[in-house]
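When the chains are written out, they are named A, B, C and D in that same order, and each has its own residue count from 1.
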Amino acid sequence: MALLEVKNISKRFGGLQAVKDVSFSVREGSIKAVIGPNGAGKTTLFNLLSGFLLPDSGAIVYKGRPIHAKSPHEIAQQGLSRTFQHIRLFAHMTALENVMVGRHVRSRAGFLAGMLNLPWTWREEQEIRERALSLMEFLGIVDLADANATSLSYGQQRAVELARALAGDPAMLLLDEPAAGLNMRETADTARLISRIRDLGITVLIVEHDMSLVMQISDEVLVLSYGEKIADDAPRAVQGNPEVVRVYLGEDDA
Amino acid sequence: MRTSRFIPILALLGAVVLVQLLTLAGGKAFFLTQLTMSAYYTLIVIGLCLLMGFAGQISLGHAGFFAIGGYTSAVLTTLDLAAYKENPLVAMLAKAGVLTARQDLYGGSLLSVHPWAACVVAVLLAFVIAWAIGIPVLKLKGHYLAMATLGFGTIIYSIVLGTQRFGAADGISSVPPFPLLFGVSVSGDSSLRVLNYYFAWLLVTVAMVLLLNLISSRVGRALRSIHGAEDAAGAMGVDTARFKLSTFMLSAVLAAVAGVFLTHYNGGIGPSEASIMKSVRYVAIVAVGGMGSLWGTLIMSVVLNFLSLRGYFGSFDDAVFGGILIVIMLFAPDGIIGADLRRLVGKIANYKQQNSNKSQ
Amino acid sequence: MKILRLFAAAIIIALSAAPVLAAPAIKVGAILAVTGPASFLGAPEAKTLEMLVEEINAKGGINGSKIELVIKDSGASPEKAISFAKQLIEEEKVFAIIGPSTTGETMAIKNIAEEGKTLLLSCAAAEVIVNPVAKYVFKTPQMDKHAVIRIFQQMKKMGITKIGVLSSNTGFGKAGKEQIEKLAPEHAIQILVNEVYDKAATDLTAEVTKVKAAKVQAIVNWSIEPAQAIVIKNVRQTGMTVPIFQSHGFGNIGYVKAAGAAAEGAIFPAGRLLVAEVLSDKNPQKAVLLAYKKSYEEKYKEDVSTFGGHAYDAMKILEQALKAAGAGADKEKVRTTIENMKGLVGTAGIFNFSPADHNGLDLNAFEMLTVKDGKFTVLEK
Amino acid sequence: MFFELFFQYLVAGLTYGTIYAIVGIGFNIIYNTTGIINFAQGEFVMLGGMTAVTLYGFLPLPLAVIGAVLITMVMGGLIEMVFIRWLVKPTVLRMIIITIGISILIREGALLVWGEGVRSLPYFTGNEISALSLGGVRLSPQVLWSIGVCMVIVLFLNLFFKHTMLGREMRACAANRDAAALCGIPTKNMITLSFVLSAGIGALAGCVVSPITYTQYSIGSGLAIKGFTVAILGGLGNSMAAVAAGFILGILESFSIWVLPTAYKDAISIAILLAMLFIRPSGLFGNKEAMRLKDF
């Protein structure tokens, strides 16, 4: 069953057609990768999916409900979580607090409850903290809990961001270049990690440049070029697709 | 963690009592007047601190909300409805206890709105205006937000200054006392000075407890995340628009409450309370208090307002606040007290964690 | 934490630096808007007081006691005036307070002075300050209503019945506007246009155009800010030739200089300070006015203004009352002395106080002046 | 009579408009090179006027004006060097607060130096009551002076930014500071230069409008609010648009007096600004897409 279905979606910026009539779907429990040369519209596609941009036309259906007109926080509340290509951690907050914010969608204490410090919010805070710590444990960064998030190394920041995205128990995770700026060993760790996340039952959609990582973990690969879909298939089939080789791999090698 | 939050509150209460006893012992009970006025200004400033330091939204128009509170209460409680006694609406309100008959200073009798009812109206009005103005204004960022809030403040100022009912440039005087319980009232009467001092500081303490609770709750975390990276906060499911708006409204209500009580305490209000320079002062106090530190803001508010109200800065009052803004923003944008306190809190937290790690 | 400690230290020093009382001195407080939007009032008032107190003390004080002056700059904020009034009364235990400069501030502290049984000699103009009478509250500037009546009387002589009124959005402008509105019907004057402009206005051509459109026979402008010079310039620039009446706020030669040729012929009521030199020698005020003018201008190298005169009068009234009441008199005795004071010659006029009149000035306090060749001169009757 | 009145209001509007426009241009120059809104811009106008009046005491008028402009330019440069130059990537909030602080300090400094008195320069031509009459509509020659100076400033800026090396380097700085720095443009000096330039323009404005409006230590903040309104109304960073917006605002204000009490004139112009911010923050003439790319 398709968890996410994208139908004929388009987005134009002034004279630039960033995404043109793209359709695809993501199976529940799978890992799907979006690849394409620079400027192919991958990040725009992510921004459309997560509600940061409104599509000019087309529909995005998640869990059977249209979400393309919703704002980012509503989409996040429905269990579709994301990370950013350029890490966007919350400054002046510890790593743990960053992850705890990720739990926002699964908690409900509001202004009044917060100000009055109602007893039930204590339990909720406890639950948020424990869940955040267990995720950090899962990602191997629990020692960093009290460090200032923006003072961490690049790889550690990526991990915090991932923990934050997972903290809301999403059904689906959008990862925007999770291996960018990582060395080979870290990239390999990341690949394993993404597989483990999938094994938790979370569907993953990832934009990535690193071909080895994509081929290693994805169940399906979507290829974009100049905003258009040119292939959507299993990794091996995509690798053999002459069109893809021409626009993407060919250029990449050259 | 939960108990540690109350130690500073107890310290605050202790300090409030201690200062009163010291002024009593030192024969300087008159200091309490300025300390009481400072308390009300502190109420605005800690609300602004929540907005600026935690939600990261600047407001250069907070004196406007103070003025809305103060002027609404002043107008309603000095309004004379005696001539309309027969009007059914007026009669009904009088019956409901909303209106109250009292004597003015020269023995004439007045029928005006009861201070409690006026207070409710004033706070509700600030609440509604903050809501109405907050929705569009908080969509703006950076210079645009600064300019829009400045514009709001300017509009309130020119309305106050241009309207006869608000006393134009003279403001409103002979505002009656605000009755509390047991015959005690908020007023400048020197026999009630000590009680007024305690009432004002009790109000600040309650507000501090509420705000401290808030910032260490889920909402506080969400606010700081908005400050840190607004789009990422949205992607984590934080309804940034609603949280910013609620914070704006909360701080506006605090400013209006301060306006109501200070107006009754002073027995009047003038347009200087709505001026842009006042709003800038509040921003200066938040800045010097450390932007994100309620305690720093509280301490600096008391110190600066107290000194200013006692005239220590003489004719350089505005210059002092201008200088503070520049020096703090140039050399210590995180504030002076804020950084110190945070480091201290950090140390305590680390210490506790080490202990708990050991016990595990 | 070092900084915290520093602050604590600073506060302790500040709190303990309570003023040391010099035994026999008489303490006089002053709450004046030395800076801020009403500084044109407060600054000359403060200078005048400093000068006078220096003079009095040089002569050995009053009844052997020196005067100790405590000036507080309120910046025209009522909330500060309140704080300062309480401070002066309870802490400094002053004998009397001179000021505040503006009506709003005076009204804010009227009750405080009453409650503290401390003399308040206000330098603000509005009638509400002394009507209803508060026991301890007096004021020295002339009544706005007297200025308005003098203007209306002059209009009658000139056959003017239809006027346009402009005023600024300050306490001064507001008070004048109210009196004009109130008194116009009694004097058979019809107000065709009535506009309030911003005190910081930079050009008033549009407002003036509105007046021009109404075809008035004369314009009355009531303000105390630079805008009043802008008004008359704009009136003449738009080609209107009708007489322009200004308030006593025009009594500052700086505005005449600023308005230049446009100021010629402007008519306004004012105290006689501005025309001291040309007064007849028989005028009882002449000596007082010249003495004040000379010493002020020599000391501060700037033109004297009528506002400083209000503080001068306040101090003189206090000085006379203290002298008359004798050494060691209490506040109550001095208060009664002022209430019964007659014929005190001041800069604003001749003060005749009574228990019902805490201003003591009458219509005669104003002289109708006009501008001729860039100078103030008495209007030819 | 109707048309005469109509044009009289129009002239009044033009007078307000030029003043607002010149202040608005000053905002834009600094905004363009630095991304900073300089809240102390109104103080440059005040400084220019006050200095010129002082110099006029012993210099002929043209020299006094030139001297005042030069002195204010030096002040502008100094302010940038002392307060702004050495900040590393300051946040917008921090810059707003710093420039507000600078504005307060300059104002209070001026109060100390010049006192609270009101001053003005003499009319450049004619005197206080001379007016040109155009079919019943009258306007002071000084209004023509200020419109003329405004036009000359705009022309000069256009030539400067388009046709001189220095101007082009400043524009490069505005487009992308990091890239400009990579190309060897001394970006820090460009920022200083922008402060010098906008201080000079403000001071010139202060001199030209001083006979009309007078000058006093406290006029800066009021002018700054109007100038800022105009800059935003036109679209931040666009000087030509600021001029157009200045005239629009001036004329709107002037005609608002025709129908409404003048006491609320300022409230009306600010309300226009707020409405603009809410509906179309890119300004009347701004480009919406370009707007979104600006990094706030």
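The rule we apply is simple: a residue touches a chain if its C-beta (ideal position, glycine included) is under 8 Å from a C-beta of that chain, and two chains touch if they have at least 3 such contacts.
Quick caveat: nothing in here was measured; it's all calculated off a predicted structure.
When the partners of chain A are compared with those of chain C, the chains appearing in both lists are B.
Farthest from chain A, judged by the mean position of CA atoms in each chain, is C.
Here the spacing of chain B and chain C, counted between their Cα centres, is 35 Å.
Computed centre separation for the pair chain A/chain B is 42 angstrom, with centres defined by C-alpha atoms. As a whole-number value, the distance joining the C-alpha centres of chain A and chain D reads 47 Å.
Annotation for chain B: residues touching 2 or more other chains are 158, 161-162, 318.
Among all residues of chain D, those that touch two or more other chains are 261, 263, 266.
In chain C, 35, 169, 196, 198 are the positions where the chain touches two or more neighbouring chains simultaneously. Listed by label, the pairs of touching chains are A-B, B-C, B-D, C-D. Interface residues of chain C facing chain D in the complex, by the touch rule stated above, are 35, 37, 39-40, 43, 169, 195-198, 200, 202-203, 205-207, 209-210, 212-213, 226, 229-230, 233, 236-239, 254-255, 258-263, 302.
Chain A contributes residues 50-52, 71-73, 76-77, 81-82, 84, 88-93, 97-98, 100-102, 104-105, 107-111, 113-117, 121-122, 124-125, 128, 146, 164-165, 168 to its touches with chain B in the complex. Residues of chain D that touch chain C in their complex: 1, 5, 8-9, 11-13, 15-16, 19, 111, 115-120, 122-123, 127-131, 133, 138-140, 209, 212-214, 216, 218-219, 222-223, 253-255, 257-258, 261-263, 265-266.
Chain B makes touch with chain D in their complex at residues 52, 56, 58, 60, 136-137, 139-144, 146-148, 150-152, 154-155, 158-159, 161-163, 276-277, 280, 283-284, 287, 316, 318-319, 321-326, 329-330, 333.
The touching residues of chain B, counted against chain C in their complex, run 28, 30-31, 33-34, 37, 105-106, 158, 161-162, 164, 167-171, 173-174, 188-190, 262, 266-273, 299, 303, 307-312, 314-315, 317-318, 336-337, 340, 344.
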